[in-house]
Amino acid sequence: MLEIGLTHYLLLGAALFAIGLFGAIGKKHVISILLSIELMLNAVNINLLAFSKFLPLSNGAGEIFSIFVIVIAAAEVAIGLAIAIALYRSKGSLDLDKFNLLRW
Amino acid sequence: MNHLLTFILFTPLVAALLVFLFGTTTKRAKWIAFAVSLIPLVLSVFALLGFDWTNSQLQFSVLIPWIQDFGISYYLGIDGLSMPLVMLTTLLTTLTTLFSFDVDHKTKTYFTLLMLLETGVLGVFMSLDFFLFYLFWELVLIPMYFLIIEWGGPRRRYAALKFFVYTHVASLIMLVGIIAMYFVAGRELGYYTFNMIEIMQKVHFASSFQYLVFPALFFGFAVKIPVVPFHTWLPDAHVEAPTGGSVLLAGVLLKMGGYGLIRIAFCLMPEAAKYYALPMAILGVISMVYGAFLALAQDDMKKMVAYSSVSHMGSVLLGLAVMNVNGFNGAIYQMFAHGLISAMLFMLCGILQHTFHTRRISELGGLANRLPRLATFFVFTFFASLGLPLLAGFVAELLVFLGAFSVYPALTLVAMISLVITAAYYLWALQRAFFGPYRESLEVHHPHDLTWYQSVPLTVLGALVLFFGICPAPILNVINVSSQYILQLLGGVL
Amino acid sequence: MGITPSDLQYFAPEILLALVAIVIFLLPRASKNIPMVFALGAIGLSFLGTVWFLFTGANTVMLFGSMEINAFSELMKLIFLVLAGITILGSYNYLQNLRFAKEYISLLLVATMGLMFLGSAGDFITLFVAFELVSISTYALPIIDQKSEKGKEAAIKYFVTGAFSSALILYGLSLLYGLTGSVQLSVVATVLQASTLQPILIVAMIFLLAGFGYKMAIVPFHLWAPDAYEGSPTPVSAFLAGITKKGAFVVVLKLFLATLIAIKLHVILLFAIIAALTMTIGNIVALVQNDMKRMLAYSSIAHAGNILVGLAIFTPLAAAGAIMHIVAHGLMAVGAFFGIEAVCKKKQDYSLQSFHGLGKSVPLLALGLSVILLSLAGVPPLLGFWSKMVIVISAFEVGGGMILLALILVLNSALSMVYYARLIKVMYMSPASAETAPKAKWGEIVSYSTALAICVGLLLLLGLFPNQLFMLCQAAVAILLP
Amino acid sequence: MIDYFWLIPMPVLFTMILTLLFGKKLGLKSAYLGMLGTIASFCMSLSVLPDVIAGTVKQVEFTWFLNFKFGFMLDPLTITLLLLVSFLATFILLYANGYMHGEGGLMRFFAEVQLFTFSMLGVVIADNILQAFIFWEIMGLCSYLLIGFWFHKPSAAAAAKKAFLTTRVGDVFMLIGILILYTQTGSLQYHEIFAAAANMDPFWITAATLGLFGGVIGKSAQFPLHVWLPDAMEGPTPVSALIHAATMVKAGIYLMARFMPLLVLAPISQNFMVIIGLITALGTALMALTATDFKRVLAFSTLSQLGFMVVALGTLNMAGAILHLINHAFFKALLFLGAGCVIHVTGTNNIWEMGGVWKKDKVTAITVLIATISIAGIPPLSGFWSKDEILIGAAHANPIFCGILLLASFLTAFYMFRLYYVVFAGKPRTEKHGHACGKTMLIPLVVLSFFAAFSGLFSKPIARFITGETMAHGSNTVMMISIVVALLGFLLATVIYGWQKISAAKIANTFKGICTLLINRYYIDAAYNWFCNHIVVGLAKVADFFDKHVIDGIIHIVRDVTLLVSKAAKWVDIYIVDGIIRGICSGFVFGGSEIRKTSTGQLQQYLLLIAAAVTVMIALVWGGLL
Amino acid sequence: MMQSIVFFLLAALTLGGALAVINLKNIVHSVLCLIVTFLGVAGIFLTLRADFLAAVQVLVYAGAVSILVIFALLLVNQGDGKMAETNPYSRFGYLGVAAAMLFFGFLSFSLIKTTWQTTGIAAAATSVGEIGVRLLSQYVIAFELAAVLLLVAMVAAIIIGREVKDHA
């Protein structure tokens, strides 16, 4: 079996990112989209950490970066969920397809 | 007296503000506008009196740096080229204001716009800084657009839009030319400046550059003049515009084109001007003849007059294109004379519309029996416009032809067809609308002859047309000095 | 190496804002005016401080390059402070009936603080956190009035697109980090210039462009913007269109102009095309809008295109023009949104109908709005004209294809004139029918009008004397593009 | 006085202005006011006459503007015409006082008549071609206004327009001539032009003289621009007298006489003038044969006589031309004024409705008879002398010219006596009644008849005075033939109309075709009408169509395209920007129906667009497109 | 060798979880699978010797965030117990697949094509202390901003999530 190198991690990240991307576009539940975006952020974290560890010059900044990413992701989830709840309260549904009051 | 021009330029702006703020009733708006518009007129008379006829340089100039990083300055000045046009503008605005006393609809706004228009036009004629020039050039568009669209005839939307788009596109293309000059001049000088005079005196543009940029400038100005085939906005705009609007449109706005052509295109790109002289002359002749034919085909009196403007302004282009002193003098004098005469023409058409609610020649007839004063003015003005000697238009036409014949004899002969056609459409219109038996059906409009505020402007203009026909010297002397100077710049082609 | 007190002084304005924001959170709900006074006071003090730093020529780098204080950062802070101040002041009337008034104000303050850090940030991490701070504090704004159905929809659209874009940005930043091994902007720039062009660099650049393009609302990442601006309460629209949007431009100035200079050619081409598309589509779609807020949204999109032209030209002069246009459009957008709100507040009808006969019924309002519209159209001598002119001039200086781009800009300005003039025409020329005559009590729109007046005044002032501003912009650009 | 000779026309101008100011109040008395002016001019002219006879030639110049001057000159030719014009105008005004009785618009009428006179004086006294042209044009204006004096009559309005337009065509040619002269010699002053003529290219001399002659064709109503003159009858009779005798048509002859020094150098122009003159002289005399309107017969005769003068000029016979001009002025003025009286008396214009006027109005009958004999060229009345002079000149140039002129001369005698017999002899043919003529109408007749009778006797001194050389000795042969021809004409008329031995109707029937041709004036008017109405107006319509549909059409297309683009753009934003994604991806996806359902405002579509844009951009960059 | 197996196992876990998140029809199941993915990612972090980050990942994501989401789900799905069809595909499902595949395609392509300045092996673990020191020195501003950010997020969430009292 081959040596696990940087590229493997990066490909894993890319795959995770792509899956998240699909979720964001292909699911219509608001919370589901939130989850997908979390997947994408996780992919970023994998990238950051991989770089941080594999690059000689990296200086470990990637780890710190990813901490911030996690923090921000958490904050976003909080707000996203709050908006979802507010939406559900007024529309009775979280089906994004139905939100087209604003258009053209 | 250093800031005489500044005062002339901004008094109308103040007037606009005054009208806007205090013109609460129709009557007050009218009188404020009229009274304040007298100020620039008086001031410009002062300027004329203080003008040194023998000096070809700019006079009364004011130069204040404004935005130095771009070389923009507040630079005003007049010379023999702009002096007559400034006079014309202040005079016509005052008279138009008086003539428009019958405007009842949104009077306040109407007069505010008129005053704004005056500032814009004066600014164009006085600015010696490209930037300032362009600014005023654009400023002119806006009030005119609103004048047409609000007080205009039935097809005003179409006309206003056409006017706006046409002239706007033209000025944008002109802007491109100006900016190109700005850069090239800046590169040559080592610093950037919008100062026309400085660029004119210090920069020599390469021929290839001139050949490239001149058409852009020409297009910008040609639309304004207007030169066939860029003229179709004019009849529509004229016909739909309110009388005051068309008076100023024909009287002064068209002159901006000719003025710009000389001041900017010719002075800064002399080689290109020479290079393109023949095409310009041809366009001028086409405008003259084609415009005259178009006028002949019209049934709407105002439209006929509008096309006659195309024809007459064509002679301006012809005069400029021949580049000799007679041609230049004639062209510039033609701008002045046409300003006076076309103002009268449009005022008269306005009266017709106002009195009979129609301007169609075929619906009129025998008016001379019923309204002799109106008919007299019509006859006088028509003859002035067709170039009767001892009226202002003749001198201009004669000089243009004298100038043109020595350079392009054959073209001049073609152009002279327009003389006959012009006479034809005016006389034909007179015959159909004013002579013959009175058409009794018109009586339903209860026509009455001229009111005082109609006859005063007409009389003043008529007197001036006569005066400047008999002794053109006061204006022509002023013009001549500048023409000589500009021709010297052009390097004495002839 | 930590931060020293002498360094800390430079952040006094931001710290003040943060503290006041927290204090406002803690105030009792009943007090409506105190938060306003606090906020404006804080902004005023911050403004003074920033002006002090700007004009004393503060120039320092601290925290291993994570933070920079220089002419650029201070100018940006100044701009954001002024704009935010106007917005908060203008929101006074809106807040009268708003349940979460103090939260609204403090969210704006925090967002402003975040924006102020954007100019100073020297590494990806700080830059990104500041950027997210702005986003997160504004996510709640469209929905702040819970009664509005449109507001909720605007919020979800704004939020989801924002979060999605954040992911794109982060992925792009991670790739840049991976390529250079550093998060310092200056280091990244140096390393990239020294190394060969990697394919992934292009991907990173495009991810970043897409991510920030969302915030800048440039085509084709613009679609959320009209929805969000239309759906949000108007003061919020003003803040989003006039201010937060500009934050993205600051980031782009730093990232693309200064940092990604290695792939300058690609950036230029991409920017040029997007700019042309943005201007054209923005203007053309604005042309057919009947809802004025939506029209302004599209007009904002078009203006983003104008700024992008300045970036695409990639010369110091052009960048200065872009910054000028950021200022100009900030003022114009804020003024325009508040102006429209002042007109349409009563009926909540933002269609063209509401403006009929405004010139007669509320002449001063109509006049102010007209000035803003003319400035938007780029009519001299208003500021909107100068910034465009600088950009056009710089395009001519570069020559070549940039002239074409400038031409597109100029033609677009002409095109935009059509719909601005239409509004002006309606205000002055169309008769007001009885039921459409907008008749709000003066007290109900006084703050909107004041904001409008301030914007108009600034536009006129800066329009007549653009020299100072231009010099500031040039000094700022000198930092970015030495 | 001689130093102030340039003031000669001014009294007329002065009284004209007075008339304008006070004419409303003065009414018919304006005529006296006008006469004051013309008499003053006449007296001033007289007072300088001795000096001129003594050989003084004066010239005064002022600067008009820039290098253009206005100036006045006094030489024998000028003084002759000044005297003639002011003299005739005086009597015409006097006559008008009676004739215009009861008409409206008197102020306008008298002011215009005086302006007319003033302009003619101006043309004559000018020392440069430009100034002459200016007054020339103003005469055109006056003729327009006066012919259209009764503008409520459509025919008058039409005639006025026709007169102005037709002469305008000629004026354009004249202007061309002026332009050529100016370009070639750099001056407009007569003496400078003539001085420079020696160095001019013959081509340009020919061109210039032809151009000037073009103006003459218009103003002096030569073929093919003669059409306006017969119609000019629509004006009041004094106006006709003025146009035919004193002003307007005579200006043309004067101008060519003035340009004799140049004409001498242009043989082609001479020939051209002779041909035109001959055509006019003969052609119009023929038309006079069938005319039934009194004044129209006179008009045709004027045309014919003008043809004589032009032939004289063309044969460089200036003395003949000017002598005939003078004589013609007297008898034609007399004829017209007489015609006015007749019309006054009979109340009709149609000669076949007249008859027996001899009995009604003896004074008129006798004076008109004198004029008729004079114009017919029967010695010793004036017409004979000058006509003879012209005939001799023509015979010198080419006997054929002379022959044609003799034919015209025969016809002249014939139709004039025909007219006389029909009108004055016999009995009234209708019941129409006019009213008797007043004294102010008859006095001018008497005075003029005196001149018409005897002015010919002074031919030799006048000719010497004008040309400065003694008249060539007359050819007796030509003289005899001309007398015979005139008498033959008289005889024939007497036979047909006097004794009515031969039925005129029969002749007319025999030459029916020719008659129709003549009555219709060779269809020239019709042809012009057709040309104007169909070709010129047609061209105008074509231009209009071109303007409205082609030029504007292009504009409209541009506009429509712009609008379309803007609509399309909205559509693009809604469908394509969104739809592109749908469109692109439909390649990947089989479920097309999914896409159909899509509407916009969909958040995820926005996300999808972002993703698609990223993909596209990367593809573009990698594809080397960016 | 061992390392490879662990990596691939964890990668499979992560991706499988992720795929399940987006493919399951029941949203509660999706969330549970998300936790699996988070744990997988934490494992990946461990293989990179980023112990601290792995811990944060487990605590913040798998713990806090997931619980938050589940609570939210309970809030929005009160009452009816039908959870089977709660997480459907949107109408852009297929397009999403295509977009995702394209993304993965060009990402993997460029990631592989790029030559990274790699050392070949993962660096040693970073100590928590080191991270802490750097957070509070070089990145102190970001740190403080993040603090404000969390505060703001909290406030914002409260504002948004609050029940509307007056039904006007």
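Order of writing sets the labels: A, B, C, D and E. Residues in every chain begin at 1.
In this text, contacts are C-beta pairs under 8 Å (C-beta built on N, C-alpha and C of every residue); 3 or more make two chains touch, one makes a residue touch a chain.
Note that the coordinates shown come from a computational prediction; the quantities given were computed from them, not determined experimentally.
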Message: For subunit B and subunit C, which third chains touch each of them?
response: D
Query: Which chain's centre, taken as the mean of its Cα atoms, is farthest from the centre of subunit A?
result: D
- prompt: From the centre of subunit C, which chain's CA centre is farthest?
  reply: D
Subunit B-subunit E separation of Cα centroids, rounded to whole Å: 73
Statement: Between subunit D and subunit E, the Cα-mean centres are separated in Å by 102
- prompt: Measuring from the mean C-alpha position of subunit B to the mean C-alpha position of subunit D, what distance in angstrom results?
  reply: 34
Field: Centre-of-Cα separation between subunit E and subunit A, whole angstrom
entry: 6
- prompt: Can you list the residues of subunit D that touch 2 or more other chains?
  reply: 570, 601-605, 607-608, 611-612, 614, 618, 622
Task: Would you pick out the residues of subunit E that each touch at least 2 other chains?
output: 90-97, 99, 103, 106-107, 111, 116-117, 139, 142, 146, 149, 152-153, 156-157, 159-160, 164
- line: A full list of chain pairs that touch reads A-C, A-D, A-E, B-C, B-D, C-D, C-E, D-E
- prompt: Touching subunit B in the complex: which residues of subunit D?
  reply: 63-66, 130, 133-135, 137-138, 141, 144-145, 148, 151-154, 156-158, 160-161, 164-165, 168-169, 171-172, 175-176, 179-180, 182-183, 532, 536-537, 539-541, 543-544, 547, 551-552, 555, 559
- prompt: Can you list the residues on subunit C that touch subunit B in the complex?
  reply: 359, 379-381, 389, 392-393, 396-397, 407, 410-411, 414, 417, 421, 425, 428-429, 465-467, 470-471
Subunit A-touching residues of subunit E, taken from the complex the two chains share: 1, 3-5, 7, 11, 14-15, 18-19, 21-22, 27, 30-31, 34, 37-38, 41, 44-45, 47-50, 52-53, 56-57, 60-61, 64-65, 68-69, 72-73, 75-76, 86-97, 99-101, 103-104, 107-108, 111-112, 116-123, 126, 130-131, 134-135, 139, 142, 146, 149-150, 152-154, 156-161, 163-164
Message: List the residues on subunit E that touch subunit C in their complex, please.
response: 106-107, 109-111, 113-117, 136-142, 145-146, 148-149, 151-153, 155-157, 159-160, 162, 164, 168
Message: Show me the residue ranges of subunit C that touch subunit E in the complex, using the header's touch definition.
response: 1-3, 11, 18, 21-22, 25, 63-64, 66-67, 100, 103, 106-107, 110, 113-114, 117, 121, 123, 125-126, 129-130, 132-133, 136-137, 139-140, 143-144, 146-147, 155, 178-179, 181, 198-200, 202-203
